[in-house]
Amino acid sequence: MSAVAVDTVLSVRDVTVSVLRGDVRHTAVDAVSFDVPAGRALGLVGESGSGKSLTLRALMSLLPPAARLEAGSVHLAGDELPRGVKQVRRALRGRMAMIFQDPLSALDPVQTVGNQIAEVPRRVHGRSRRQSWERAVELLRLVGIPDAPRRAHAYPHELSGGMRQRVVIAIALATEPSVLLCDEPTTALDVTVQAQVLELLDDLRSRLQLAIVFVSHDLAVIRQLCEDVCVMYTGRLVETGRTIEVLERPLHPYTLGLLDAIIDLDDPVGAPQPIPGALPELERLPGGCTFHPRCFLATEECTTTVPELAPARGAAPDRASACIHRDRLISP
Amino acid sequence: MVNVRYPNGKEMLVSGPDERTLSRRELVKVGAAGAASVSVLSIPGLGRAASLGRLGAAREDVTRGGTLKFARSIAPTTLDPANTIIAGDIYTLDKIFEPLYITTVAGKLKPWLATGYTVSKDQKTFTFHLRPGVKFSNGKPLTAEDVVFSINRAAKDKQGPLSFLDFAITSLEAKGKSKVVAHLSSPWAPFISDISVFANAIMPANFGGKSQTEFFKNPVGTGPFTVKGFKPNASSLTLKRNPHYWQAGKPYINAVDFLFVDNDNQRLLQLRGGQVQAIDLVPPSQVASLKKDSKLHVGLYPSWQVDLLVLNEKLAKFADRNVRRAITHAIDRNALVHAASFGTAKPGGSFFPPSLQYYSAKTPTLAYSVSAAKASLAQSKFPKGFSTELLIDGGVQKWQTFAQIIQQQLKVIGINVTLRPLDHASFEQAFQKFDYEMFIDYAINDITDADEMASFEVDFQNGGSSSYWSSYDNPTAINLVRQAEAEFNPAKRKALYAQIQSIVAQDAPFVPLDYPPYIYAMSKKLQGFNVNPGGAYRLEGVWLT
Amino acid sequence: MLRYTARRLAAAFFVAFGVTVATFLLLHLAPGDPARVVLGERASPQALAALRHQWGLDSSLGSQFTRYLDGLAHGNLGTSFINKTSTSSLIRDRIGVSAALVALATVFAVIITVPLASFAAVRKDRAADHIVRALSVAGIGFPAFWFGIVLIEVFALRVHAFPVGGWGSSTETHLRSLVLPALTAAFAIVPILVRSLRVGMIEVFNADFVATLRSKGLGERRVLAHVMRNALIPTLTLLGINVAYLIGSTVVIERVFDLNGLGSLLLTAISQRDFPVVQSVTLVLAIGVVIVNFLTDVIAAELDPRIRLE
Amino acid sequence: MTSVDITAAIDAAPVPTPTFWRRARASRSLMIGVAIVGLIVLAAILAPVISPYPPDQQDLYHILGGISSKHLLGTDDLGRDELSRLIYGARTDILVGVLAIVFPFCFGTMMGTIAGYYGGRIDSVIMRVVDVVIAFPFYVLVIALVFVVGPGIRGIFVAFAVADWVVYARAIRSATLVVRESNYVAAAQAGGLSDARILRRHVLPNTIAQAIVYAMSDIVLVIVAVVTLGYLGLGVQPPTADWGSMISAGQDYLTTNWMLSTLPGIAVVITGLGLSLIGDGLADVLRPE
């Protein structure tokens, strides 16, 4: 595993989360580690059910009742976050914030957006009512909401999807975080609004030197926003590296499968080939490498040994793949 | 017979075990041990004419002052004596207005505002001598003219429920200030008893110059108490002491706070909780538990009430004398009294209650005997029995209990009874239109004279209720009743009534079930409180220790 | 808002008219004759007929009804047959008692429901939650008057904290005599409200915006306040319906605690067939229900911006 | 930049939804509820067999007797066996409870469906009538009706028939409004199905669930109302054994024989508990996942 880079803001080591199904606990996130330096965006990509948003919620200790953080440590700008729910929340103030997928249900329907933003400076930072309101309007302007002072009095259901998502971001920024966790914030938006929000996030990343972790199942969104990317499958990291390299020359059959499954506008003729088989259920994960039943490289060995996330021969040091046949993918 | 009663709705819905239908004389009995004996003690130095005579002198061994808090079940709707028959009104206005004669606790007539009377040879003219020195609560003296005005008003007001009582009076005239002469159309033995009825209570002539409504808001009477600003159907009413009361030194207490609590359970709780010092209409079922409470006293007072199972002789099955006798034999009144009234009432025998004048203990009643019942039924036109319907007032727990006992006991001799409970107003309308087969209700005498019960329940033609709606029509019995009305010699009257009681007992038009007492409960701090068999209680003689 | 109030006023007028017609028919269908109630058994047919004529009961139902409506229009509710005074004075003396009872009962209901429901919702599926749910389920099957009797036995007779019944004379005793009846009345509707609020809160706790609240760094108490405000709205309409039910149940509560309110007056009047009193008191109670429903909708619109009073 | 949605491409296998009965068995509160009510109904049916005495057999010389070998739960104010009357009381009150809501359930559901489905003038007429009935304070209406029709079971049935349907109507109307907007109803309408068939096959199956769930707690409310009317002397009339009249008759002996009033009270609470649990359970099982 790569040593902790000097300007890393967020360092995640071996985070493991179990989920209760019936009365059996299954591992939904298996020893996930990654680092995010200030001012850079890391993409976390995988199908729904791959444990990517569960990982994010684990960092914020917002796990649903059935889930539990089994192991792992999180370092924020060097100091480790405590494990207990209450202590974590206090420790996170002004350090790490999170935004969610559905903008309407992420906002309190019976409170004006202005109040929902102002509540952070008012309650958390103890600013006065007037100062908090001004801060809220300022943040609304920052996230690109026109006529901010009037719109601050609006209720969530009176705003469009994109506008609402900007308010959610404004709320996150109100906590003055150094790290921003995004759980598929653009999935519920239509394409044009999605692009604007991504631009906003990119702009905030550079201007505020924010470290961003962006979870999505959309490779195109990842390519646009994130310099680095980790691919997750059944709770495990299967491939990491710089986004461009991973998309150009994937070192893990699953990533290859993902790329083949999308429509490549440059090659309209080639029909997309979906990955055979189905995503295995948490209760019945296959042994060894969990992707082997659907993997065209699968050999006898894959069914027994659990592949390690290790760099491939001849590839860049920060490139890694959890596949014992990774070297066979290097040669074009 | 003035067994007039009507529901004061408030009462009816309470499901306490005791009867809720209010007779004109609501059953109000209080258990003060000693009768308020009125000893003669003219009190020197009170500056009152010593000639007050024996009556009304105050006792020395009493503590004065204080307010009696009294929870009653019915709130008064008016204080006008001539215009009401509701018990809630009667027992409030009889503390404010007084008649010429009153009924004592022992059920006898006693001179009150009149000291006595003389009768003409043809027994058609009565001259009353008014008690001297009596004043109204506004200080003005009582005059003969007030008496003439009050009784005429009661007699003339056709809408007045009791106006028929004074039918015998042709004219009244005042003779000077202290004599009143009454001319009757024919000799009428119960006359003095009729005069003692509360409707004939005395008030200032022409309401002392005020309008009628205004007068009855702040009534002026000769009674021991006065009322200011009366509001009908209020939750409470305060009676203040009348400083001009003609019995010097009385009433001993300063005021009476009547609280009107229609729920039996609530009255009991307010007594046990110390919120009130006396309550009326105590359910028989509570007598046992109340007696255990050292701070409380329970009083059972004989009453002029008889609970009756009435049979509708308009129907063939009940026109048959043998059927009626069979039913009377079949009902075990001892068991009924034991279960339904917890031994507080006496089992029924003659249709006169034992406490009533001329009650004859030797009346040959039909005793409980299933074999006699079956034998009598066998002789009737319905030997194999029949099914019938028993109408009762559904709102009263006591009647429901009686009905279920009778239902069970008549089933034994082949008479299947189904119950038909109705709410009071419908129940009342049903039996008065003879729309019933059997029904249970109670009859009550309101004045000392036995004629009231005799004529109302036996005189089919002009008793006023077709023999208590049973349509029982026995000419010999009716003739005896009329003779008794005009008979002034007590011995002869007693013989006549004995005969009437035995004929009725044998004809069995209705089955006297029991003679219930008035049941009151009060704190032991209240002394000198008592009730007459008619249900009225005087408060000038009570005191609070 | 004005247009909405006007529309609701028209609907209320229709409801009041409907209630008046229904009561009028009910009264005239029921057997039992008020004249006989006043004059008693011994009354002569002529006296009965005269009284009925005086009350106008011998004229056709139609004309009686129009006469009543005409009186209503001039604010004259007629004179009580039994008490020989104006119905409006009877109602005026007693409306305060019933209104205070319903108001205090509503306050008690809210004070008991909110903590109980949030206590259960926060500890979902733990011991506390099961106890509260079992209690609220059992509570529905519990006759309110029975609970009243138990309250009297304990708090009035043994602990002497409150009077056994009656209305008392000073405002202080009025309040003390209202506590037990209001608690009894509240108890009749608390089970239903607790169940509704608990479910509402659990649903809101699962909503995404609670995660936003927590990620904002707010303490759990602030989060609970937000959740409560959202969950109260559906329960509020339920409270409105139940307060209307409360107005009806004053009839029973006033009987148990001997309170001289409109409820006991109505019960008496029905059994005495005191037509004008029954007619007017039922109308007043019905208007009370309509007002409560109107207030509920207005408050709901205040609380929830998504509801527009069209 | 093309938007890429991998998930749509890879279709996850459908998870088999358990049938109604499997989910019904899984719901704990439904099972407990059915057990409680089942026991009580069983006792009511077997009343003649299991109760030691006929319910109205009096023994006037042994009234208000305490617990004894002859009378396991003592005797009431007419010397009747309290245990037998409790069991027969179950028969009366559950029968009355269930029968009393049949009409309101059917009539209310019908009215609610029509109002919700057709809307417009029909809806406002029905809703105005509903407003009038609701404006009539419940107990006032029930008492007035019982006065007109006379106390006893008949009065109670009429009273509830007139007073209780409005609750169902309102619940079903709002449910129907929701279902009417759904696309499968629109599809059915487009398919030219007659309104009646649409209502029966598409609307009702989705709305009736709420009415059934409410019916459970409604039975409880009916029993409690009958008990309260008993307290006012207008309930089930003697000699039929019924918990209401037993509570009100026993109330005078609270200090001496507290059991007379308490036992039927507890019986009502337990029945209420059972029925509410069934209601809860049904609500969970019928609520779409």
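Order of writing sets the labels: A, B, C and D. Residues in every chain begin at 1.
To be clear about the criterion, a contact is a pair of C-beta atoms (placed from the backbone, for glycine too) under 8 Å apart; a residue touches a chain by one contact, two chains touch by 3 or more.
Since the model is a prediction, treat every value here as computed from it, not as a measurement.
With centres defined by CA atoms alone, the chain at the far end from subunit A is B.
Central chain by Cα centroid: C, whose mean Cα position is closest to the mean of all protein Cα atoms. Centre to centre, using the average C-alpha position, subunit A and subunit D are separated by 51 Å. Put simply, the C-alpha centre of subunit B and that of subunit D have 48 angstrom between them. Between subunit A and subunit C the centroid-to-centroid distance comes to 55 Å (mean Cα coordinates, whole Å). Per-chain Cα centroids separate subunit C from subunit D by 22 Å. Within subunit B, the positions touching two or more other chains are listed as 12-14, 265, 395, 422-423, 426.
Looking at subunit A, no residue sits in touch with two or more other chains.
Contact with two or more other chains is made by residues 30, 32, 149, 255, 267, 270-271 of subunit C.
Across the interface of their complex, subunit C is touched by residues 57, 60, 62, 86, 89-90, 92-94, 97-98, 100-102, 105-111, 119-120, 123-124, 155, 157, 168, 171-172, 174-175 of subunit A. Against subunit B, in their complex, subunit D makes its touches with residues 56, 58, 60-61, 63, 77-79, 147, 150-152, 230-234, 237-239, 248-249, 251-253, 255-256.
Of all residues in subunit C, only 207-209, 211-220, 222, 226, 229-230, 233, 303-306 touch subunit A in the complex they form.
Within the complex, the subunit B residues that touch subunit D are 12-17, 264-265, 283, 285-286, 288-289, 332, 335-336, 338-339, 394-397, 400-401, 403-405, 407-408, 419, 421-423, 426. Put simply, subunit C touches subunit B in their complex at residues 30-34, 36-44, 46-47, 50-51, 80, 82-85, 90, 93, 149, 152, 156-157, 160, 163-167, 255-258, 260, 264-265, 267-274.
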